[in-house]
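Next come two complexes, and both contain chain A; in the first it sits with chain B, in the second with chain C.
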Partner chain A sequence: MRIWEFEVKAESLIRIVVVVGFVVLIELLCRSGIIASSVLIAPSAMFTHGIELLRGGKFDHDIVTSLIEIVAASIVSVLLGFVLGLGIHALPSLRRSIEPLLSSYYAIPTFIFYPIFIVVLGIGSLPIIAIAVMLSVVTMITATLNGLDRIPRALHKSAQVMRLSPWRCALHIKLPATLPYLFTGVKLAVAYAFIGVIASEFILSGSGIGYAIGYAYNNFQNDDMYSLMLFVLVLVTLVNAVLNRIDQRFQSRRQR
Partner chain B sequence: MKRFLDPLLVALVIVVCWQCLHWAIGKHSLSSPLSTLEALVQMLGTEAFWGNVAETARALVYALVIALIGGVALGVLFGISRMSGRVAEPILLNLYSLPKVTLYPLVLLVFGLGLSAKVAFGVMHGLIPILMFTMNAIRQMRPVYLRASKTMRLSFFRTIVHVVLPAIFPEVVAGLRLGFSLTLLGVLIGEMFASQRGLGYMLTSAMNLGDIRTIMAVALFLTVFALACNGLLMMADRRMKHR
Partner chain C sequence: MKARNAHPTLQVVESPAQQAPASPEAHVELTGVTRYFTRSDSKELFHALGPIDLTLTKGEFFSVVGPSGCGKSTLLDALAGLSRPSSGTVMFEGQPVTGVPDGVGVVFQEDASFPWLNLRDNISFGLRMAGVDGAEIQRRVDYAMGFMGLNDFAKAYPSQLSGGMRQRVCIARTLVLQPRLILLDEPFGALDQQTRLLMGDELLRLWRETSATVLLITHALDEAAMLSDRVGVMSARPGLFIDIVETGWERSRDSRVVSTPRFGEINARLWEKLRVESLKVMGVH
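After this line comes the complex of A and B, so read on.
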């Protein structure tokens, strides 16, 4: 156990060294002029300008808009995916016919339907949330199905022995037993919601982080653009780190 | 027979839903399945459309080849050297879940407008899944294989070519299936921003004109193409697993 812990620590140390080394390398390349400032600005400049922007509140509106859309899309797709997963699991014949669609769903570039959503739902947050939900709901459905498939048979039997009603069985047995799998679905759904929201804002929108980056690019405002890109990078990394930590805890519970 | 019946049924249900949606929201917002098909057939007859298809296909092929070679090479490297794999894995997973569209200004500034930017975009999307599948395949490979190659005193290069690659081939196909769809998505998104040709460009220009019929026709074409390629790769995948 000790040795293993030591290895984990060594590994995260190397990881930090690799990432920091990479950032320092880019910093040096930018400062020495090997990478022109019209292509990439130095990471330190991105960071300080980013702090200034956050202090000044220039992009507060865009950031808040994007975050609200991401949260809304995540919640809708998690709930919808869970309910649809329960429904599909309960109907094996439906599941058999829908399974090929689920397994090849991500082959369809969902973004191409964005214009249709704009026409149907109007310009604003709704079509963006709809695209993000479309992108992320299927992972949640798959995770729910996967979790329900793996409930040990003994648990079903004990529920029968205790004569639990279907509702109580769902609440006290199925939900806790599937929770680790569901959480993996939640993690992926949030990642896809991020991708869906920010990418749609790029394509056609009037506000949001994606829009702000596109706008800065079109107006040659490299400092704004790179600071916003750094902001997205850091935000996604932080959210992922938190979700991964929780996920690991669930997974270790499952293995026990 | 049954295997083909189920997907057909799903397709039929989707077409019926599409038609109902068309009736519900009006024909100017969403073209009907029939008129979309007509538009597509008409489009298939024009030379301009095939020019765009060829453009996208070229970018897709380049991106796929680079993503496959790069993904497998890096995957083998990270899989064999366990420490580097464990160091790289969280970084890769984070890159994978990053909205890569955010990086598009950087790609454009580095590669300029045109083919190379599209290819870079496709590679960015498709490389990581192929890499992850390859890496995990090597980690789960039976250690007997490597021991056998050591006994035979194969060189590192020959071990890779004759032992490791054949052993992980099925997983690479599975990774390619995921990588293929993401590469296609990447190339299309790249074309939407950074090109004057290709299907992605066709979509953006139709979007700006509000030409829903063209959008739906191109979307239909892409969906059928993506599903067909996915089906072929899935069949190959299943064959490998039976072996």
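After this line comes the complex of A and C, so read on.
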């Protein structure tokens, strides 16, 4: 146990040293002028300018817009993916026919469909959310199918022996038994929602973090552009850390 | 308590095992039960079990031994109402079994504990689902936890327990429901020999206290010989009872019977029949 704890601590330390070392290296290269400020600004400048932007509220509207779109896309894809997963799992013949499509789904560059979404849904948040959902929903379907497949046979039989109705079995056995797998799907769906929303805003929107980064780039506002990038990086890292923490709790219960 | 040999000689029902017509104390009765399955690859029909005729009297401890794949678990599924036989009837307390009847508890070989619930919630789960009131749940769970020696682990999760402890949780979960018929499908299959002997003692204690009828499916001849009033030996597929051995143990028996000469006699008798069937399964005639 102690050896294991020591190894984990050592791994964490090495990881921190690599990240901090990389940031310090970039900082030194920028400050010494080896990397011109027109190409990249120093991480410390990104950070201080980012704090100023947040205090001044210059991009508040864009940040709120993106966050609402990300949350909406995450919720829709998680719920839709779960329901579709349940339906597909209940119909084995349907599953056999569409499983090859699901497994090759991520070979499709989803963003090529953006003109269709604009034509159908107009300009605004809706086509952005739609693209993000399209990108993230399949990972949730796959996670749901995987979770339902892995419910041990003995748990199904126990539910039968306790004479649970299908509804109670779903709520009290299937849902908690699949939860660790579903949560893996939730984690990925949120990550894809981030990618889908921010990337769509570059091409489909007049607001949002993606749009703001694109606008700053086109107008040579390097400090705004890099500060927003840093903001996105910090945000996804924090969200991922929280989700990972919850995931670890689920996984530790799952181990038999 | 010292186990005594109640009968000087083995009472063996010669094959094919025939059962007397249902007596008033017949608790479980199988008549002409068969099970056929369709192979998923070739759509071919294969005969897995039967015809089986068997009567279990109320409060009896009956074990089933047989070679791998002979249909022991299929028999248990039919008894529990988890699957319907292809032909024949299964009666429990005078009623035909069409689904899982009230009063039947099953312990499986696989770990069936719920990993998301702590030990206490695992044991009380069935009672909560059945709508039993809180005070009664607490009383029964406290009793079962004490009985199975689980009091120190109430807040532990299954992932923190050993295989033997998890199986105790599953037995306690069945025990609190106060079943009148307990079906056990190789419940100690994954445990080491010493733990199995001790779990066998606990099972006997449980059987004595509850007065339930018990049917145990097992691979282990010694387990069957030690625990049972009667042991049914099944043939290779399609599973039929080729021999039913009455052990003659007293109800107050425990694992110490393994040191008696009679235990050796029963074991030898069971192995004599089972050896031939196991060789058939291995393709040696």
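Quick note on the criterion: the second predicted complex is superposed on the first by the 255 of 256 C-alpha atoms of A that agree within 3 Å, B and C clash if a C-alpha of one lies under 4 Å from a C-alpha of the other, contacts with A are read in each partner's own complex, and residues count from 1 in each chain.
Just so we're on the same page, a residue touches a chain if its C-beta (ideal position, glycine included) is under 8 Å from a C-beta of that chain, and two chains touch if they have at least 3 such contacts.
As the structure is a computational prediction, the values presented were derived from the model and not from experiment.
Upon superposition of the two complexes on chain A, no clash is found between chain B and chain C, which fit side by side.
Applying the stated contact rule after C-alpha superposition, one finds that A:217 touches chain B and leaves chain C untouched.
Counting residues of chain A touched by each partner, chain B versus chain C, the larger count belongs to B. Once the two complexes are laid over each other on the shared chain, residue contacts for A:204 go to chain B alone; chain C is not touched. When the two structures are aligned on the shared chain, A:232 is found in touch with chain B, with no touch to chain C.
In the superposition on chain A, contact of A:109 is made with chain B only, not with chain C.
After overlaying the two complexes on the shared chain, residue contacts for A:179 are found with chain C alone; chain B is out of touch. Of the two partner chains, neither chain B nor chain C is touched by A:121. Angle at the C-alpha centre of chain A formed with the centres of chain B and chain C, after superposition on chain A: 100°, rounded to the nearest 10.
Of all Cα pairs linking chain B with chain C in the superposition, the shortest spans 14 Å.
Listed in rising order, the residues of chain A touching chain B in the complex are 11, 14-15, 18-19, 38-40, 96-98, 100-101, 103-104, 106-109, 111-113, 115-116, 119-120, 188, 191, 194-195, 197-199, 202-204, 209-210, 213-214, 216-217, 225, 228-229, 232-233, 236-237, 240, 244.
For chain C in complex with chain A, the touching residues are 80, 82, 99-100, 102, 104-106, 108-112, 114-117, 125-126, 129-130, 157-159, 177.
Contact residues of chain A toward chain C in the complex are 152-155, 157-158, 160-164, 168, 172-173, 176-177, 179, 252-256.
Contacts from chain B toward chain A in the complex involve residues 6-7, 9-10, 25, 29-30, 83, 86-87, 90-91, 93-94, 97-106, 108-110, 178, 180-182, 184-185, 188-189, 192-193, 203-204, 206-207, 210, 212, 215-216, 218-219, 222-223, 226-227, 229-231, 234.
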